[in-house]
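Beneath this line is the structure, given in structure tokens, with notes to follow.
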Amino acid sequence: MIKIISHRLFWPVVLLLVLFVVNLVAFPGFFRIEVKDGHLFGSLIDILRNGAPTLIVAIGMTLVIATRGIDLSVGAVGAIAGALACSIILDSPDPGSVTTVVTAVLVSLLVAVVLGLWNGALVSVIGIQPIVATLILMTAGRGVAMLITEGQILTVNSPPFKVIGSGFLLGIPVAVVVAAVIFLAAALLTRQTALGMLIESTGVNPEASRQAGVRARELLFAVYVFCALCAGIAGLILTANQTAADANNTGLFIELDAILAVVIGGTSLTGGRYSLLGTLVGALVIQTLITTVYTVGIPPITTMVFKAAVVVAVCLLQSPATGAAIRRWRLRHLARADRQAVA
Amino acid sequence: MDDVSPVVEMTGISIAFPPVQALEGVDFRLYPGEVCSLMGENGAGKSTLIKALTGVYPIDAGRIMVAGREVAFTGPGQAQEAGISTVYQEVNLLPNLTVAENIMLGREPRGWAGIDARAMRRHARDLLRGLNLDIDPGSLLGSHSLAVQQLVSIARAIDIQAKVLVLDEPTSSLDADEVEELFRVIRTLKESGVAILFVSHFLDQVYEISDRLTVLRNGRLVGDYRTDELLRIELVHKMIGKEMAVLEQIERRTQTADTDDGQKPYVQAVGLGRKGSIEPIDLTVYEGEVVGLAGLLGSGRTELGRILSGVDRSDTGTLTVHGRTRRFRSPRSALKQRIAYSSENRRAEGIVGDLTIRDNIVLALQSDRGWLRRIPRRRQDELAASYIEALNIRPANPDALVRNLSGGNQQKVLLARWLATAPRLLILDEPTRGIDIGAKAEIQKLVADLADNGMSVLFISAELEEVLRLSHRVVVLRDRRKVADLDNDDLSVSDLLAVIADGAAPEEVTA
Amino acid sequence: MAATTLAARAGSRSRDVLDVVRRPLISPKYGPVLITALLLVAMFVLGGLRYTGFASAQVVLNLLVDNAYLIVLAVGMTFVILTGGIDLSVGAVVALSTMIAAAMLAGGWSPTVVVPLILILTSFLGLLVGLMIHVFGVQPFIATLAAMFLARGLCYVISNRSISIEDPFFVAMAQTPVPLPGDLTISPSAILALVVVLIAFFVLHRTRFGRTVYALGGSESSALLMGLPVARTKVLVYVVSGFCSGLSGLLFSFYTLSGYSLTAIGTELDAIAAVVIGGTLLTGGFGFVWGSVLGVLVLGTIQTTITFEGTLSSWWTKIFIGGLLLVFIILQRLLTARRQ
Amino acid sequence: GVDSAPGGSGGGGDAKIVLGFAQVGAESGWRTANTKSVQDAAKDAGIDLKFSDAQQKQENQIKAIRSYIQQKVDVIAFSPVVESGWDTVLKEAKTANIPVVLTDRAVDSADDSLYVTFLGSDFVAEGKKAGDWVVKEFADASTVKIAQLEGTTGSAPAIDRAEGFADVIKADPKFTIVASQTGDFTRAGGKQVTEALLKSNPDINLIYAHNDDMGLGAIEAIEAAGKVPGQDIKLVTVDAVKDGMTALSEGKINFIVECSPLLGPQLMDVVKKVKAGESVEKRILTEETTFTPEQAKEALPSRQY
């Protein structure tokens, strides 16, 4: 019992459940999942699908944060990827063909990788502090995305492209499948190899790791590239979901959501130990929070206050001080029980 | 002395870090005008007891009285105000501030315009001179070697002018001279009625300075003895809890084979140097040879080790490893040549605190193999288990976070990391710093055995006995320059001291 | 004996004239700030060569006038960042202060009530954030993010329309230029901001609180073991930042004479960028308030350059800002990296 | 520090009018079209345009205007980010004798001598037009459940469009707004909000979106829920950008209230008049209309943005 309560993810999961209950009260059909036109349909599915981009970005962010870094440019990278894909599809003679879409996707992901290399170079080679290094791309990147779309919203009418954002695979939303694949890939890649341990070690003590022969520089590159790739994929999903590239708004503030998800999931911003599972829970909490605002009909002007309350709640509950207080309370409780048993 | 009331009286102290019971019902007493040494193996609970006293850790049970009043400090600040000044085990100062600021922080002299920086520097300079250390008090602390930092933290503690001075392994990286200097100061303080709590793993120092010994074992009190009534052998017995044969010195090694014909050099440095840190130096280490590096504080031993292992890049000279010329761009490239360097600064450059013992032990080996070829979990467990046993690392739980280990045990983990890579040349910079007497013997034996099996060792230690006991050859550095290269046949500490001090020309000595 | 040392010192001084110039530039403490200053001057010279009317004293003063609120914000942020923390709430708190000011003034309250009240409220919010960080161990990024949501949310709750300020005191603060010799003018806000900087400088370097701020950035655990008042300092730093955000909000409402809930979005990033450009390490322990002022001026100069350029479309504006930031940071980095 | 280069001072030698234009930003496709219209019209009219993008920040706009004053442009035009807070800088402009034209959004300054004219749409009127159509369309219905997709919370168009709409429909109690959420003027926002709304309120009859983009997002959500946009659930939006018009012509949207970004030519006329010393009206409305699906089909081919 104590073990469960003191588990890192106990409170985030509790919070998630509380949010579910709130939704259920506001809207009894919340847990209902039907099969409509051969695919799953329901609020929970929406939460998974809409949460997928945040989750994907958050996975990349987790690894970056584990190295003591942070990546503010994910939103901009996503916007660039989306803008590029749309403009390629629009410029092609046959927007509806699968090859066009595949090319567009590959090219834009390649560009995302290049942007990741750029961040990686600034951080690891030139040694700029990550928050500033990525701030540069955050600012300029939006500009680049807008340059690609010339500030317009590029609407594409391409069924194969739309599939990425709102299609289904075996009844499950494609976005969810993609997120699941990335999640598993990241988990396997870092935990079945030594990558995870090396990343953590660089995050905890870079100098010690260097002296132990860890290739810190390559590692940083890899992590920023992976994060940018995740951002690119998320950007494509977001773009495909609205079948239009919106350079201004695609992935706006997604970096904050992603970081929040990572932290709610118990990974410390000071680097080191990370938990992908925690990030998953964190991302679900955030998306459920957003959906709750919509389903419960919280007035827009109080939405922010509500968000603040939830974030504060989960942080305070997760805090070691609260844990200690609970332990003390339990001890006293047990002691009293003992005394009663003796009497 | 019996009629004097204790200035510190701790009774029945218990502290647990589940699952470790760090202290259990420990009683401890400290009288004014005495030096009491707290003795025990690594992880016995010495530092924890000190932290309990100064309020760093809350106690689970027990009572602490200071000057006759019960106290419950919530932090070192309060302890300081109550007259307890402490040097904690690791250097706990601020590398980003100047030496003077580190000494005076919290007690800065203030003038009409706030803190008077000049008065502060002046005061700091005087204080450091009292410890025979002449450095610029306006320089950043981080730019100084660990030993200097340790002296600075001692200076800070002394300057507080407390009733109780607690020194947790203050001498671990000091040279004999500095230790003498420190002891002089301690004696003066003792005379003026200050109660001093001293911790060290050097029995000589303990016997030299302390009046009383309190021995801990596994978090429990073993007993409280007068130093002049307890033989060393008994003390060790009480600390370890069993007879310790190893302690009877591993027999001194003298040169077994003649290096010139039998053995091949593993590493050969010619004119190797780095601007601003070490003058060009020639050095050869043969296979299976243990070379000791001796020198005063700041003489450049650490720098030499760092250059040889690629931690710092050299800018002059050549390095030949196993017959091929190499340029190390990083520790990684040195590791590829099977050269490992164990840093003297274990907290900043050694351990990875938030990882487990297991991860820390396999780290270097793993990064050498590359991230793709993960060492199978079973092999990791084997490695961890074998080193935990061989070096007696406590707690013997490979999943414990290294951050929570006692200082000595952290050092052991670090050693295990380098040993696990099976290096051909192992550069050990103060490897026995803070290690208890039993483990020290174990480590020395280990080094000797490994050398017998062909591993070369460059052994840097401030403890000359240890250097002499282990090495075939001793290289002496002074002012970042090699001044002597001595074969170790029946060298004595005083011989060595003589060379270190006035540096007879190398030719004269080696000849 | 004193004479000989003095003579020796004088001798070495004349010998190392070059060293005297170079030493501070390569010191980890002063180097980044000095280099920022040099680069700023270089930027100005380049701008002056390129655009007419750019290199005038009034343009420089306008930088102070237009960025007074940001300077104050950056000062507060400097305290936080020096301890190794971060404060994301400042932008939203600025907006909240403008809203409270506007709403209360519109409701007929006197500035003598409104101004202190805002400063107390924002300091209190800082206190809450500080307690959350210290007592509950919440990471600064998250605690201040929550505060940001809260402050922004409260803005909407007060009103989601913008509210004008017509109070005579505020109008006077906004529209009374302070004449300087040479036909130049500066605003009261700019002077206030400079005063804040002076006070901050004094506090950071001449008081124990200030030194403890640096100590926290060096190593919190060491500071604790050295017996410094870690808890108090850590909480106070966020109070200082809260106070500065409130003050900055007031300056902002002098500047715009209105309160608006969507105002100052993303200003926290500007403040952080200014602090970092000014040579303060995000991990804490190194840096100066003057550096942060320079950082603000750099950002302002980038802005000014863009307006003087006058032909950049929206996206090129963003790219240009990013590019200039990049050039600046890389130059700064390369110039300081030559030390060791 | 010697003033050795006296030549080439501000203003320019020839008679070309210099216009300083401080744009809000480029936060939407509408805004970009607006910018482009101004830039193109300036070129056509032979006016030298100094353009600056405030990135949605009032302080940046103030800085830009101040800089225009320093550069001594002939006329300053800007789309204020916010209504309030312009007096100080406008007074400076007035002191420097530079006339100011407001575009797109108004300022709430009590002293209307600070600007020459305000050229732009009336957001409240747009909301009213949408409301009028709804009242007409649902004249026969007994109850009408409406969901509203609001623009960015606190922004002027969001507030005014909601207000104008509410004004009209409140006359008849059969209209109820069952849900009103912000979709931040974006497609993604519109889609996500609608998805959730449709689950908790599956029986809504009408969605009123404060711009086309949110409406387009809503269409996707409605289709995904297996309903037919424009029939099962009716849609009214504001803006009439090209994508919106396309959807309208396909019957997925039922009615669009135009809010034209093409202020450029009108602005240039005003600038020229102001420069020539002619008087202009204090309030110039943009020429705007509304579209039904049929009108959309006609207008679509000539739609520029």
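Before moving on, here are some points about what is shown:
Letters A, B, C and D name the chains as they come in the text, with residue numbers starting at 1 for each one.
Here is the rule we use: a contact is a pair of C-beta atoms (placed from the backbone, for glycine too) under 8 Å apart; a residue touches a chain by one contact, two chains touch by 3 or more.
Note that the structure is a prediction, hence the values are computed from the model and not measured.
A comparison of the A-C and A-B interfaces places the larger number of contacting C-beta pairs at A-C. For the pair chain A and chain C, the distance between mean C-alpha positions equals 31 Å. For this pair, chain A with chain B, the centres built from the Cα atoms lie 44 Å apart. Centre-to-centre spacing of chain C and chain D amounts to 34 Å, using the average Cα coordinate of each chain.
Centre to centre, using the average C-alpha position, chain B and chain D are separated by 71 Å.
Within chain A, contacts with two or more other chains are made by residues 146, 150-151, 300-301, 303.
Among the residues of chain D, those in touch with two or more other chains are 26, 32, 35, 153. The set of chain C residues that touch two or more partner chains comprises 156, 160, 313-315, 317-318. Pairs of chains that satisfy the touch definition comprise A-B, A-C, A-D, B-C, C-D. Those residues of chain D whose C-beta lies close enough to touch chain A in the complex are 26-29, 31-33, 35-36, 150, 153, 179-182, 184-189, 191-193, 195-197, 199-200, 213, 216-217, 220, 224-226, 241, 243, 305.
Against chain D, the residues of chain A that register as touching in their complex are 26-27, 29-30, 36-37, 41-43, 46, 50, 146, 150-153, 155, 166, 238, 241-244, 246, 248-250, 290-291, 293-295, 297, 299-301, 303.
Residues of chain B that touch chain C in their complex: 56, 75-77, 79-81, 86, 88, 92-97, 101, 105-106, 108, 113-115, 140, 156.
Partner chain B is touched in their complex by these residues of chain C: 28-29, 202, 205-208, 211-212, 214-215, 217-219, 221-231, 285-286.
Within the complex formed with chain A, the chain C residues making contact are 132, 135-139, 141-143, 145-150, 152-154, 156-157, 160, 269, 272-273, 276-277, 281-283, 313-323, 325-326, 329-330, 333-334, 337.
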